[in-house]
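Chain lettering (A, B, C and D) follows the sequence in which the chains are written, and residue indices restart at 1 in each chain.
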Amino acid sequence: MTSFTPQDPEFEARVRASFARQEVMRTIGATLASVQPGAVEIVLPFRADLSQQHGFLHAGIVATILDSACGYAAFSLMPANMAVLAVEFKINLLSPAKGRQIVAKAQVKRAGRTLTVCTADAYAHGEGEPKVVATMLSTIMAVPERDGLREQQP
Amino acid sequence: MTSFTPQDPEFEARVRASFARQEVMRTIGATLASVQPGAVEIVLPFRADLSQQHGFLHAGIVATILDSACGYAAFSLMPANMAVLAVEFKINLLSPAKGRQIVAKAQVKRAGRTLTVCTADAYAHGEGEPKVVATMLSTIMAVPERDGLREQQP
Amino acid sequence: MTSFTPQDPEFEARVRASFARQEVMRTIGATLASVQPGAVEIVLPFRADLSQQHGFLHAGIVATILDSACGYAAFSLMPANMAVLAVEFKINLLSPAKGRQIVAKAQVKRAGRTLTVCTADAYAHGEGEPKVVATMLSTIMAVPERDGLREQQP
Amino acid sequence: MTSFTPQDPEFEARVRASFARQEVMRTIGATLASVQPGAVEIVLPFRADLSQQHGFLHAGIVATILDSACGYAAFSLMPANMAVLAVEFKINLLSPAKGRQIVAKAQVKRAGRTLTVCTADAYAHGEGEPKVVATMLSTIMAVPERDGLREQQP
């Protein structure tokens, strides 16, 4: 994996503060496990009330933690005055998302001035070895915070 | 839009029964608004506890209702003994997901024996005209129910 | 479909001049059939020397004309001093790409200051009704021409 | 990277024979550099007649070799009586595709009975270190050869 030098030495505090404002993370019970320059991990304990019709974690919930992991991996490399917007992502569901908890691991593939591309994998932890259950490829945009995100248009 | 003839006349009851088993829909407050052959609508009233760091609905939650709408649009055209699995999807976020409620509208683009391709748009309803906030292109797989979905691998 | 007002009244001439510089279009035999504000059509007569192992047009060649159609649909709505870069695209292959010719039709889904999102379908024309063989969802970036595209990084 | 055991000991000969039938590869000048179980490399020397309007290799041509590399990585792990169909792929363009040659490296991420998911990167080789210029995430379907691919529908 490529190693990155953060532009803002306070990147971890900045990522953790922004993650704490994502109310959906609290609602689903996800926590920020690790923040490295260009790499972020989010952990989601399995909950039956987040399941689809066969009792597995819904693909959209797996996408939710993968998308946040990608966004914050990108955010960790940006200057202090920038905010992130998700432009788009693609996810492949590889195996049923079940077990004790799901861990989303994202890393920056390429950091550009405006756009950052990330990849991420979701692993199911249960009995035995962790198993990859989904993979994501996503594009994130840096926008100046002063632009007023509420009216922001990519 | 193409018009489709369902293989199972009971398609709507079958879709509604399966949707009712998606516990995540109850958790986030989404409801099934409309079920036509090859076309499904899901409504999600805005809730601050599903938001990201800027107060908009999290992209993963928008993806959750779009993915279910796509899955059930595909499911509506399948024979009675089949189940659906999400293979993959891509979503583009077009505008901040805010307003009173988000409506996900999915339609089948092509129904094959094994794979179905769907497109879907999410509209924010607030003041004024509804506004498209996200669009999805997704692939869904039909698997025989008897295969035992809990161990299913695509 | 949304109707768009071009920012540059010379949009068609600008699109046609840029298309003429895409040497790959000449190499594969593709031509620009139609340029409307936010909508472009490219025609590719079938050629056996562009086929994959089963004799159909290779998915990458179908992607080539869909990608150019999307890029120029986006380009048609930009101011005169901007250039376009493909950020990413996803394509679903729906049916074998065969017949007399393939027509790629792209339209802008959302035009933003920096990013434009397009959808496109490829139709096979042979005997009977044209048949959709592929669909694309893509993201295009506007960059100032003066930035020197040869060293451009998104 | 995961290591895979091929089901057909003749996988390399089978991949090379199928690649030789992809006429588009001959047309653009691409060759099959390496075939391992679940991993394939294709090399494309730069050619100005495959370029887009700024003189870089067209994104669709980069997608063409990445798509074939993914398809053959999947094909290498299949039993001898199966054929492959591209279901869909997403590509992110990371940097201008220029230099002496582009090398597409694909590997299987997950091999299922029906569907295989692959990732691939394209590297530009010129002066200095090779540079990643594009990345792909794709889904490939195995179909029995006897089903008659000319009428195959996924």
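One rule holds in what follows: a residue touches a chain if its C-beta (ideal position, glycine included) is under 8 Å from a C-beta of that chain, and two chains touch if they have at least 3 such contacts.
What you see is a predicted model, and the numbers here were worked out from it, not measured in a lab.
Colleague: With chain centres defined as mean CA positions, report which chain is farthest from chain C.
Modeller: It is A whose centre lies farthest from that of chain C.
Colleague: Go through C-D and B-D and name the pair with more C-beta contacts between its chains.
Modeller: Of C-D and B-D, it is C-D that has more C-beta pairs in contact.
Colleague: Distance from the CA centroid of chain C to that of chain D, rounded to the nearest Å?
Modeller: Distance between chain centres: 22 Å.
Colleague: Quick check: how many Å separate the C-alpha centres of chain B and chain D?
Modeller: Computed from C-alpha means, the inter-chain centre distance equals 31 Å.
Colleague: Return the residues of chain D touching two or more other chains; collapse runs of consecutive numbers into ranges.
Modeller: 87-88, 90, 92, 94-95, 117, 139, 153-154, in rising order.
Colleague: What does chain B use to touch chain A in their complex?
Modeller: Within the complex, chain B contacts chain A at residues 18-19, 21-24, 26-27, 48-55, 58-61, 63-68, 83, 85-96, 98, 149-154.
Colleague: Under the touch definition given earlier, write down the residues of chain D that touch chain A in their complex.
Modeller: Its residues touching chain A are 90, 92, 94-95, 109-110, 117, 119, 132, 135, 137, 139.
Colleague: Quick check: in the complex, which residue numbers of chain C touch chain A?
Modeller: Per the stated touch rule, the residues are 87-88, 90, 112-115, 117, 139, 141, 153-154.
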